[in-house]
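Structures follow.
Presented sequentially are two complexes of chain A, the first with chain B as partner and the second with chain C.
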Partner chain A sequence: MGEAGRILLAHGAGGRLSHRLIELFVDAFDNPILQQLNDQAVLDPPGSRIAFTTDSYVVDPIFFPGGDIGRLSVCGTVNDLAVGGAEPLYMSASFIIEEGLPLDELERIVHSMAREAASCGVKIVTGDTKVVERGKGDKLFINTAGVGRVRDGMELSPSRIRPGDVVILSGTVGDHGMAVLTKRKGLEIDIPVESDCAPLHTLVAAMIDASRGGIRAMRDPTRGGLATILNELCESSGCGMLIEEERIPVRSEVRGGCELLGLDPLYLANEGKLVAVVDRDCATAVLEAARKNHLGRDAALIGEVLEGPPGRLLLETSVGNRRILEKLSGEQLPRIC
Partner chain B sequence: MGEAGRILLAHGAGGRLSHRLIELFVDAFDNPILQQLNDQAVLDPPGSRIAFTTDSYVVDPIFFPGGDIGRLSVCGTVNDLAVGGAEPLYMSASFIIEEGLPLDELERIVHSMAREAASCGVKIVTGDTKVVERGKGDKLFINTAGVGRVRDGMELSPSRIRPGDVVILSGTVGDHGMAVLTKRKGLEIDIPVESDCAPLHTLVAAMIDASRGGIRAMRDPTRGGLATILNELCESSGCGMLIEEERIPVRSEVRGGCELLGLDPLYLANEGKLVAVVDRDCATAVLEAARKNHLGRDAALIGEVLEGPPGRLLLETSVGNRRILEKLSGEQLPRIC
Partner chain C sequence: MSSTIRYIDEFRRKGPARAMLRRIEDVAPRECVSIMEICGTHTHSISKYGIRGAVPTGIRLLSGPGCPVCVTAQADINRIVEFSRRNPSVVIATFGDMLRVPGTFSSLEKERAEGADIRVVYSPLDALEMARRDPAKEVVFYSVGFETTAPTVAATVIKARREGIRNFSVLSLHKLTPPAMKALLDSGDVNIDGFICPGHVTTVIGAGAYGFIAKDYGAPCVVAGFEPLDALYGLYMLLLQLRDGRAEIEIEYTRVVTWEGNKRAQEVMYEVFERADSRWRGLGEIACSGLRIRGEFSHFDAEKRFDMGYVDCDDDQAGCSCGEVIKGLVAPSECTLFATACTPETPMGPCMVSSEGTCAAYYRYERI
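== the complex of A and B ==
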């Protein structure tokens, strides 16, 4: 491919080529706020509390089974808003592009973002593009920030978690981490698993509606996996937690891949799953509501909140032993999201 | 320096080391919303329209005379909100760190951000950290997104620009671009100029108050410089514009550096300047208000809006010739912000 089909440093210099790049984004993300091409988007008064979140995405490779870095960057921010009890409304998108990235790859990613945002009812209203020299980046990094409307009266916080609450997981763990790994350079392995990358806002809304205020806290177990996120909920709440290995859904392909690679699926990243800590009295209703949504069809009650040990997560293994499950301590998988 | 003082891949893996890094941010950006360590910040209802903006910063080098990438990332987002007529309130901060970055450099940058945000009255309420392998990034990239409150009744837009309006520039141009260049590897030159990197929200507020509704549009001439930003205002408004070279303040050091390097100060990036297109009737009041603010002490009326040529920017040179000033067309200076 000649230089003509690739990103050049001049695409990031603020001049004519930058403007051509901006046209790609403006056409794909098609909405009147972005079309104003101001350096800031002016949004209607939300009339309620707003949720605000950001994540940068550096996943390697940028295309993987079940998704790409663009789709991931939209779902990730939608999910961070959703698990905070907020309805996703607006998003920013900022691109750090390595010189030489094929323009058609960028276009595929931008259109993937546009489709996902449209399907979520989220408008991408402002953005930025920078280009760095060859060897000073790695194809493409994307940052998205999101603004959402917090439901009236909604208070989700680990501080609301109480002993006796139960832990609901919305589906299988490890799919995203394993899917990205199978395409990692130097590691290519033949495991037929797709990323679970998906926007969780409708699942969250269904669970909230069914709970009648009984959901204490929700999180999406992305980087660091289920074990790390549950550890964080234990630490923040000061409670203990006991989860049962047998109840945690794991695809056989993911389990097999983990055995092959010496990994633990409880520490693998997920991009379309959530954990909810809920009042025991509403657990059945929340679980049923989750299972009616296709993104929650494998939802399971996987454990409960205990008085102690304070801040610690216990795992009851399939052979009946109990052990402490720590946070991820080292570098299991860099650049998984 | 040993590995102990550097960023490791494990700092980005979501485990224990990530949490130590998060402590650095939470301590520095010290506020109760960020301290909740949720994946999203919940903010009070702003009770008005909100402005939303984002920028990624990839400036090279990360420390330069008059600032650093952290201070730049705060000022840049404050300024994008301010020139949209919004009061900056909240900010996100997301870091893409290259493995091996000395921790003390990261700390200096984070504290620089914290100081600047505090001085602007902006809270950094949510964020993210990723680490990429050596050679897959370049020390540090920062993304900030900002949320601000738009003043009631405030409508700033290029579409409000009319023939007869005048163009006010808040001070000297080219300082930031030249300051970064003097420290660029392989180019080190001895020009005593500092970046103008500064938050413009108080200057903007003073100008808005003095204008009694007469400000049509404001922009900060960052990447691509004054010539590019004025071209954008011409294109968006469909009007022509004539600016006079002699009225545009340029420091003699910057002018000298430009002659040495074959650059045009009108295309150099600025990080503490703004241009305002204002109703001629309020020009004197706005100019006086700007000059009373230390960031606007060199403010000047540099030109006027014409019927045509539609969408084109004309420069009257110091010898009295008129020529069309184009947008930046190539790659004058990559990674200037």
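== the complex of A and C ==
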């Protein structure tokens, strides 16, 4: 491949090459707001409260089984809005590109983002590009922001969690973390597992519709995995929680890989799963609604909220004894998303 | 992967585990018994599956010197930290846990932030590959581990010699398990009624290596695997021996452990290494308990290639009980620093750093 096939510093200098990059984005993301090429996107208010989120994506490698950094950035942003009970509407996307990135890789990623955004009904309406010298970045980092419309009367918050509530998990844990790990340089191992990277807004909507107001809080267990997210819910609600190890779905490939590498699937990242704390009375309805959606077909009731110990998460082990389940300590795996 | 599952799930089922616990209750003696395991993976397994809390209260499960990071003497930690400070152009490759072990004045992690070239590897072969790729750099593999790790390191040294890689060397802090068990029994510091012997170490050295413990000390030994059912069944076998007044070596982990061990691994290990006296945290100097590189491989011995220095010092930092924890004398929760000044984020001693350390296991799983 000649130099013309790679990102050059000049692509970020604002001149002719920069313009070519802008064309790539505008053509792929294809919407009237972006096409105006203003310094800002001007949006009509959606007529309700809005949810607003931001995230950065630095996953290594940028292509992994089941996804790529672009698709991940759209799903991640959509999911952060969705678990707040918001319908995703608009996104920004900023690209920090390392000099030397093959242009065709950038194109594949941009088109992957465009496809995912279109399928979610979210418009990428503003963005930016910067190029940094070789060695000063690592191929590609993407920063996004997202805006969504919050459903009327929707109030999801850990402060609403009460003892007696139950915990629903939408499917298998650890798929994304293991998929990325298998392709990590120096660790290439042959485990047939794909990232679960997927947008959760339709699953969330189905669960909310079925719940009749009984969903207290929702989270997507990304970095730090299920154990870390449940600990956060315990801490912010001040309640205790007991989950059962045997009820947590884990793919056999992921479990095998974890054994091999000395990892715990409960701490591995997920990019297409959610945890909902739900009023016990509507648990069956919510679980059934989740299982009807293909992204929730393995949904399971994994535990319940207790009075105490306050802020602590307990796990009933397969031996039948209880132990604490801590937050992730330190870094199990850097740059997972 | 289906075979993997057969070896995982079948040893973790709740029904059989409960049934085994009932059998343990049936044979548990009325008086207190102390059972020691000497492998970090057992320590971790017992904590993780809640086994300590599930067995009858009269059975005390102690953790011995089974974590390779933890048993490394403070003076050895200090000298590699010092070496990294004095030699920023030398690459020091080691396992991740070694970076965070606090030395008396600094740690490898801190020296790395200051500019020392310290790299984490998953295998000694990764360190050899670094040396191959960059012949102008000296690469020192800072090597800890028991009989499980030593054969791989030995094979790496043989490979380095065969391929003529001259800029690779090993600082060997390898240790042997049976001499530490003997030292612990000889010290009389701690009362041990029986041993759960390490599964993976024994795949290499063979169950016969513990014969002297049963014969000379009258302590029964069972070599057990690491899944909850392995640990429970191993414990049950030990309790049966105690009930019947027997002191024998038995193997629970029959799917991998034999009486002779892995002859090929032993040959490779002793082709490169020879037994030497070694200093252990908490236990002090133990005769013939370590592995040093033989003279014919001296080119690959970092101690011969570089001035590594050695300054004797106390093992434990002020207030840290790691030395006592390693001997099973003190439970982590009895240390005044535990979960207050000393946490996985701010470890005061190696037992809180290592994923195989006793304090880390208690911190992570046993603070209900």
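Couple of notes before you dig in:
As a convention for this text, the second predicted complex is superposed on the first by the 337 of 337 C-alpha atoms of A that agree within 3 Å, B and C clash if a C-alpha of one lies under 4 Å from a C-alpha of the other, contacts with A are read in each partner's own complex, and residues count from 1 in each chain.
The working rule: a contact is a pair of C-beta atoms (placed from the backbone, for glycine too) under 8 Å apart; a residue touches a chain by one contact, two chains touch by 3 or more.
Since we're looking at a predicted model, the values are computed, not measured.
Contact with chain B, but none with chain C, is seen for A:55 once the two complexes are overlaid on the shared chain.
Of the two partners chain B and chain C, more chain A residues are in touch with B. Contact with chain B, but none with chain C, is seen for A:223 once the two complexes are overlaid on the shared chain.
Touch criterion met: A:314 reaches chain C, while chain B stays clear of it.
Touch criterion not met for A:170: it reaches neither chain B nor chain C. Residue contacts after overlaying the shared chain place A:182 against neither chain B nor chain C. Of the two partner chains placed around the shared chain by superposition, chain B and chain C are both touched by A:329. With the contact threshold set out at the top, residues 329-330 of chain A are in contact with chain B in one structure and with chain C in the other. The residues of chain C lying in touch with chain A in their complex are 1-2, 4-5, 8, 12-14, 17-18, 21, 47-51, 53-54, 122, 126, 228, 232, 344-345, 355, 363-368. Interface of chain A with chain C (complex): residues 186-187, 191-192, 246, 252-253, 255-256, 259, 262, 309, 312, 314, 317-324, 326, 329-330. Chain B meets chain A in the complex at residues 8-10, 12-19, 36-58, 60, 80-81, 83-84, 86, 90, 92-96, 125-128, 130-133, 135-138, 141, 143, 145-148, 150, 157, 219-220, 222-225, 228, 232, 236, 269, 327-335.
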